[in-house]
Amino acid sequence: MKTTKKLAILAAAGGLLLSANAAMADDIVIGMATAQSGWMQAYDAPARESALIRIDEINAAGGLLGRQISVVEADTKTDRAEGARAGLEVLDGGADMVVVSCDYDFGAPAALAAQAAGKISFFLCAESIKAGIQGVGPFSFSASVLAAVQGATMAEWAYEKKNVRSFYVLLDTWIEYNKGICDGFDWMAPSLADAEVVGRDTFVNDDASVAAQITRIRNLDPQPDAIMLCSVMPGAASVIKQLRAAGITSMILNGSAVDGSYWLDSVPGLDNFYVPVQGSIYGDDPNPAVTAFNEAYAERTGAGPSTQYTYPGYVLIDVWAKAVERAGTLDSAAVVAELEKMVDEPTLFGPRTFNSEIHHQNRGRYLISEVSGGAPHIVDEWTISEPIPLEALLK
Amino acid sequence: MKQPQSVLAKTISTPVILIALLVVIAILTALFGSGSFARTVTEIFIRVAFVVGLYIFIGNSGVISFGHAGFMCIGAYAAAWFTVPPMMKKVLLPGLPEIVSNAQLPFLGSLVLSSFLAALVALLVGLIMMRLAGIAASIATFAFLAVINTVYANWESVTAATSSVVGIPMVTGVWTSLFGASAAILIAYFYSISRWGLALRAARDEDIAASASGVDIYRQRLISFVISAFVCGMSGVLYAHYLGVVNPDAFYLGITFISLSMFVVGGMSSLSGAVLGVVIISAIIQILRWFEKGIDIGGLTLELPNGIQEIAIGVVMIVILVFRPAGLLGKREVLLKGWPFKRRTAD
Amino acid sequence: MSLLSVRDISVHYGQLAALRGVSISMDEGETLFVTGPNGAGKSTLLKAIAGAVRPSSGSISLADKVISGQPPEQTARLGFSMVPEGRHVFGSLTIEENLRLGTGIRADKDRIEGDLETVYEVFPMLAERKDGQAGVLSGGQQQMLVIGRALMAGPKLIAIDEPSLGLAPKVIDQVYDTLLKLRDSRGLTLLIVEQSSTRAMLTGGRMVLLRGGKIVLEGDARELANDESLRRAYFGFGEH
Amino acid sequence: MTAVLQILFDALAVGSIYALGALGIALIFGVMRLVNFAHGDYIAFCVFAMLVPSTDVVAIVLIGKLPAILLIPIILLIGAVISVLSEMLVFRHLRNANPATMMICSFALGFVIQHVLLMFYSSRPKAINLWSNLSLPVEIFGARIPLLQLLTIIITFVILVALMWFLKRTRYGLEMRAAAEDFTMARMLGVRANRVIMTAFAVSGLLAASIGLILATQTGVADIRMGMPIMLVAFVATVIGGLGSLPGAVICGLLIGAASVLLQVFLPLDARPFRDAFLYSAVILCLLWRPDGIFAPRSAKQRV
C-alpha cells in the first residue's frame, strides 16, 4: 500500500506537468482530441492530417486574425472515457476550438467537455445528426455530410439515372452510421414513384457468415435491381464478396464508408458497385483543386488519401477559420453565429450550410463513384432534390 | 503465533483502510491534480465500485461471472431514463413509459432507483440462473450479458439502440465517485461478515459439507448475486453521470475483461484485492500513458510509441499472475495490525 | 534390495497433516496390505508414491531411483501402476482403449496381447463389451476395468486402493487369484489398501496399520489377525 | 425440398466454422482446464501473417501469394507455433493456478497479440484475396451455393475426419482424449503431461490457422477483431457440449451455427436484430436442462 500512495503522489505530480504543456501565448490554439492509437486511429489520422494541411495553409498566408495557429493534441486511445479526458487536456492546454474524434460515440465525450467549457467543437467526420446541437450542444459541429443523405442520394440517383425500380435493403445493425444510411434511404424511397422495396434483412458486421441472408435474396424472383447495403468495413467487404460468390449480380449501393480501393482486393473484379463521395481520391475529380490537394497530401504523408474521409478535416478548419475571420473574434457565440449564416458556403469538397437548427449537412452534393472491373472511378454527381427534414433525422 | 485479535476488530480495519486510501488519493487529486487527472481518478473510483461489486458475487461464491457489465449497463441506462430532460426523451426515446419520460430525478434519486432496477433484474434472472454452479454458471452469465447487449443495442424506442443516449447531467466527479466506491466497499464488507456471506463462503470452499449442514447454496448465491448487481448497477449510474453519454458498446466485452483482470490480479477472494487490483493496475496504465506522451527524466525525454501501453499492461498482468497465481493479495486482507498484510481469520 | 522404499514422509493438505513420518519398504514379489480407519491417510500414501501429491518431507524411491517430487508419469515408467480410489475410468473411451492406455510405457510390447487375453479371461464381461464406452459400466464393472487397466501397464509394483469395493465376493476372489498368480509367476509386487484386515488375513503377506497419518502397527497379516493389539490399534483404544 | 437443402447448407457453412473453433477450445480446456481466450487472436494472427507488416492502407500480400501447396502448410505451421509458444511462455508457468487465473492470463495474452498486430498493421481492415476463382456458385440437388461455401463445409469435414482419425487411431490421440477427461489419472498411467499439452496446443493452433484460412478466403478481409466472435461462440459450444467431450464441442458448434441460421430465416424482420438474444437465451435454457453439458461423459464430474 505504501507503493500505491507513492503512485498516487507521483500521479498527481504528473498531472501538474501535463497542464503546463501549453502553446505560445500569442497563438490561436486548436485542440485535437483524436485517436492516435486503438482502432479509431486509422479513421482519425487522415482527417487530422488534412486539418493540419489547412492550418499550415492559413499560417503560411499570414494566419488568422493576424495570429498564427498552433495545435495541442491528446490521444483518445479509441476509448470514450479517455476521450473526455483528452478533451479536458487540450482545453487545459488553452484550446480555442476543439477537434474531436471522427465517430460520434467516441468524439462526443470530448465535444461535451468543450461544450461545457464554452468552446466550439468540430467532429472530424461524424455523420450522425447527434454530432452537433442535438447530441452535444449549440457549440458543436460536424464538417461531414449526414449518413442519411448518403442513403437518400444513392436511392434517388439509382432511381433517376440507373432506372432502378426494385430495391432490397440489407442493414448491418452493428453501428449507428449504418442505420443512418438505411434511414435516409427509407426517407427517400416512398417519394420515388413506382419504385418498390422488395425485401429487407439484417446482419451484424462480425457475423462469420451471412449465408442465410444471401439465400433469402437469391430466392427472390426476379432479382432486385439494386441492393441497398448499409454497412461498413470489414463486414461490408465480406458481404459483398459473399453476395458475388453466390452469383448475385444486382447493383450494390452503399454509403461513403466503403470508399477507397484498399479493400477491393477482397472482391477481385468487382462490378456494378456504387458509393457517394465528397471528393475523388482517384485523381478524376471534376474539380482539379481536389486532385492538387491529393498531391499535397501525398507529399506530406508519403501516400495519397486512402478514402474520402480525409477531406472533412480540411473542410472543418476551412469553414471555422472563415467564420472566425468574419466574426473578427474567437468568441464562441460570435463564431457560431457566423457559421450559422453559411448557406452553400463553397469549400473544396462541396458546399456547406449551417443554421440554428442543424450543424450538419442534411443535403449535399455528392460525386458518385462506381467500381467496375475492380477499379473505382467517378461517374456522376448528384444532389438530392430536397434536404432531409430534421424530424425525419430524429425519428 | 501472535495473539489473534477478535474477528470484528480485525476486519473492521479493512474497509476503513481501503476507504482511507481512496480518500487520500482524492485529497491529493484535489490539491495537486489537473482537470484531466481528476477525470482519471473519478474513473478509477467508478471502476473500484464495479470491481467491488464483482467481488461480492465472485469473491464469495467462487463462480466467475461474465455478466456483471450487464448490470452496469442496466444501471447506466436507467440513469439516462430518469435524468435526461423530458423534452429530449420524448424525441429520442419515444418508447419509454409516460411516467418515466416525464420524470427528471435528481442524481441521488436516480442513483438509488437505477441501482435497484439492476438488482431487480438480477433477482429475476438469478432465480433461474443461480441453480447452476461452476463453469455452467459462468457461461450462463456470459449468455445473460450477450442478451442484455443485444437487447440494448437494438431496442430503438427505449434505448436508442446503438445510438448514444445524451443529455445525462455530468455530475459525477472525484467526490461523488469516492462516495460511490466507499459505499460499495462498505456494502461488500458488511455482506461478507454477515451470516449470508459466511454461509456462501463456506459453500464455496466445501460444497457438500455446507449443504449437509443446511446451507441453501442456491438461496445464498442468489442473495449475493442481487447485492452485487446493485453495486454494479450503481457503478453504471456513476459512469453515466460521469461521461454524460451512454452506449451499449461501453458495457460489453471490453469492460468485462479488463475489470475481471484487475480483480483477478488483485486477488479474487479478497475485498482488499478487488480495490488494490483496480488502483494498482490503473496506476500502472496511467504511468505508461505518461511515458507514451513523453516524460522528462533529468533532461532526457523518454517517449514510448503509442500503443505500447496496452501491450505492456497485458505483459505486466501475465507476469504478476505467473508469480502470484492467486493474485497480489490472494485471500488476505489489509489490516491495521500485522502490517502490511496478514492472514484473515474470518474466512 | 527393496523395490519400494518410503522413508519418513509427511504430506500436508494446507495446514492439515494427512501423513506424519511414514516409512515402509517392500521387496520384489512381496505383498503388503495397508489398513486403517477412514481418514487414516491410506489413499494419501498411495497418491504420494504415485506422484499425485507431493510430500512435504521425506523421500520415496522405487527400484533405486528417487521418485518423490517426480511427476506421476515418471513413476509409472519405473513400473508403478495404480488403481486409485474413486476408480477414474475414462468414460468417453472404449473399454479396450482404457485397457490399452497404460501400455504405452511398456518395454515388452510383445506381451501386451497376451496380457489383454488374461484380463479378458479374468473379466469376461470386459471382453464382451470391449468396444463399448466405459462410462456406461456399473460400479463393479468399472472396478474390474481399472484393475485390468493397471495390470495392462505391465507393472513391477501394483498399488490398489480398495480392490473389493463394489465387487461381488466371487469376483473379489477371482481378482485376488489373478493378482497372486501374477505375483508368483512374474514376481509382481502388491501394495493393497483395504479398510478391513479380513482379506489380508486370508491372503497372507505383510500388513501395516495406519491411523491418524502414522503407522501404528506392523507385522505379518496372519499373525496379527488374532492379536488383540490390532483391534485396539485400529480403533485407537488404550491410547491418550 | 430445395429450400430445406439450402437452409441445411447455410447452417453447415456457419456451423462448421464454429465447430472447428469449439474443437480448438475444447482440446485445451480438456487437458488443462484453460479457457483460452487468446484462441480468437491466434486466428487473426494467422491471417495477418499472410501480409507484410505495414501500417499503410493497402495491404501487401506476402506469404498469401504463395501457391496453395506452400501457403496452407506455412499458415498451419504459424498457427501451431504461436499456440505452442504461448504454452511455453505463459501457460506452462500456470499449471497449478486456478482456472480463473489461467483464463485471465489467456485474455491478457490475447490482448497483447491484438495490440501487437494493431501496432504493426494499423487498425484498418486489410484486403486479402485468396483463390478468387473459388467465388463461383455451384448447384447441388437444386440448391445453389457458392463453391467457396461448399469448400468450407468440405474442408471442415476433412479436418474433422482427420482429427477424429488422429484422436481415435493414434497413440497420441488416445492419450489426448484420456488426458482431456482425467488428466491426473492419465499421467499415472504413464501419459507424458508436457507432450500431451504441447500436442494439444499445436493441434489447437492448427485449427485456429485453418479457421483463419477459411475466413480469409470467405470474407477477403483481415481484421484484428475477426477471431473474437468465433472464439466466444466456440467457448459457449464447448461448455454446453460437455466439458471433456470433444465430439460434444463439435456437435454444439454445429448446432449453434444451425440455430443462428434458423433464427435468421424464421424470425420476422423486426425481431431479426434480436437474433443473438434468442440464441443466448436458448443457451441458458440448455444449461439449465443439462448443467454438465449435453454430451458430458457419464463419469465426468465437474472439476471447475
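Note that the chains are named A, B, C and D in the order they appear, and that numbering of residues resets to 1 at the start of each chain.
Throughout what follows, contacts are C-beta pairs under 8 Å (C-beta built on N, C-alpha and C of every residue); 3 or more make two chains touch, one makes a residue touch a chain.
What you see is a predicted model, and the numbers here were worked out from it, not measured in a lab.
Touching subunit A and subunit B together: D. Between C-D and B-D, more C-beta contact pairs join the chains of B-D. Think of the whole protein's Cα atoms as having one middle point; the chain whose own Cα middle lies nearest to it is D. Centre-to-centre, using mean CA coordinates, subunit C is 41 Å away from subunit D.
Work out the mean CA point of subunit B and of subunit C, and you get 50 Å between them.
The mean-CA centres of subunit A and subunit C are about 73 angstrom from one another, to the nearest whole unit. In whole angstrom, the spacing between the mean C-alpha positions of subunit B and subunit D is 31. Multi-chain contact residues of subunit A (touching two or more other chains) are listed as 37-38, 41, 173. Each of the following residues of subunit D touches two or more other chains: 118, 228, 273, 276.
Not a single residue position of subunit C touches two or more of the other chains. You'll find the chains touch as A-B, A-D, B-D, C-D. Against subunit D, the residues of subunit B that register as touching in their complex are 64, 128-129, 131-136, 138-140, 142-144, 146-147, 150-151, 154, 253, 257, 260-261, 264-265, 268, 305, 307-308, 310-311, 313-315, 317-318, 321-322, 325-327.
Considering their complex, residues 3, 6-7, 9-11, 13-14, 17-18, 56-59, 61, 118, 122-129, 132, 134-137, 144-149, 215, 218-226, 228-230, 261, 264-265, 269, 272-273, 276 of subunit D touch subunit A. The residues of subunit B lying in touch with subunit A in their complex are 17, 21, 24-25, 28-29, 31-37, 39-40, 43, 91-92, 153-154, 161-164, 166, 170, 242-245, 247, 249-250, 276, 279-280, 283, 286-287, 290, 292-293, 295-296, 306-307, 309-310, 334, 340.
Partner subunit C is touched in their complex by these residues of subunit D: 171, 174-175, 177-178, 181-182, 184-193, 244-245, 297-300. Of all the residues in subunit A, the ones that touch subunit D in their complex are 37-43, 78, 173, 200-204, 206-209, 211-213, 215-216, 218-219, 233-234, 237-238, 241-242, 244-247, 260-269, 303, 306-307.
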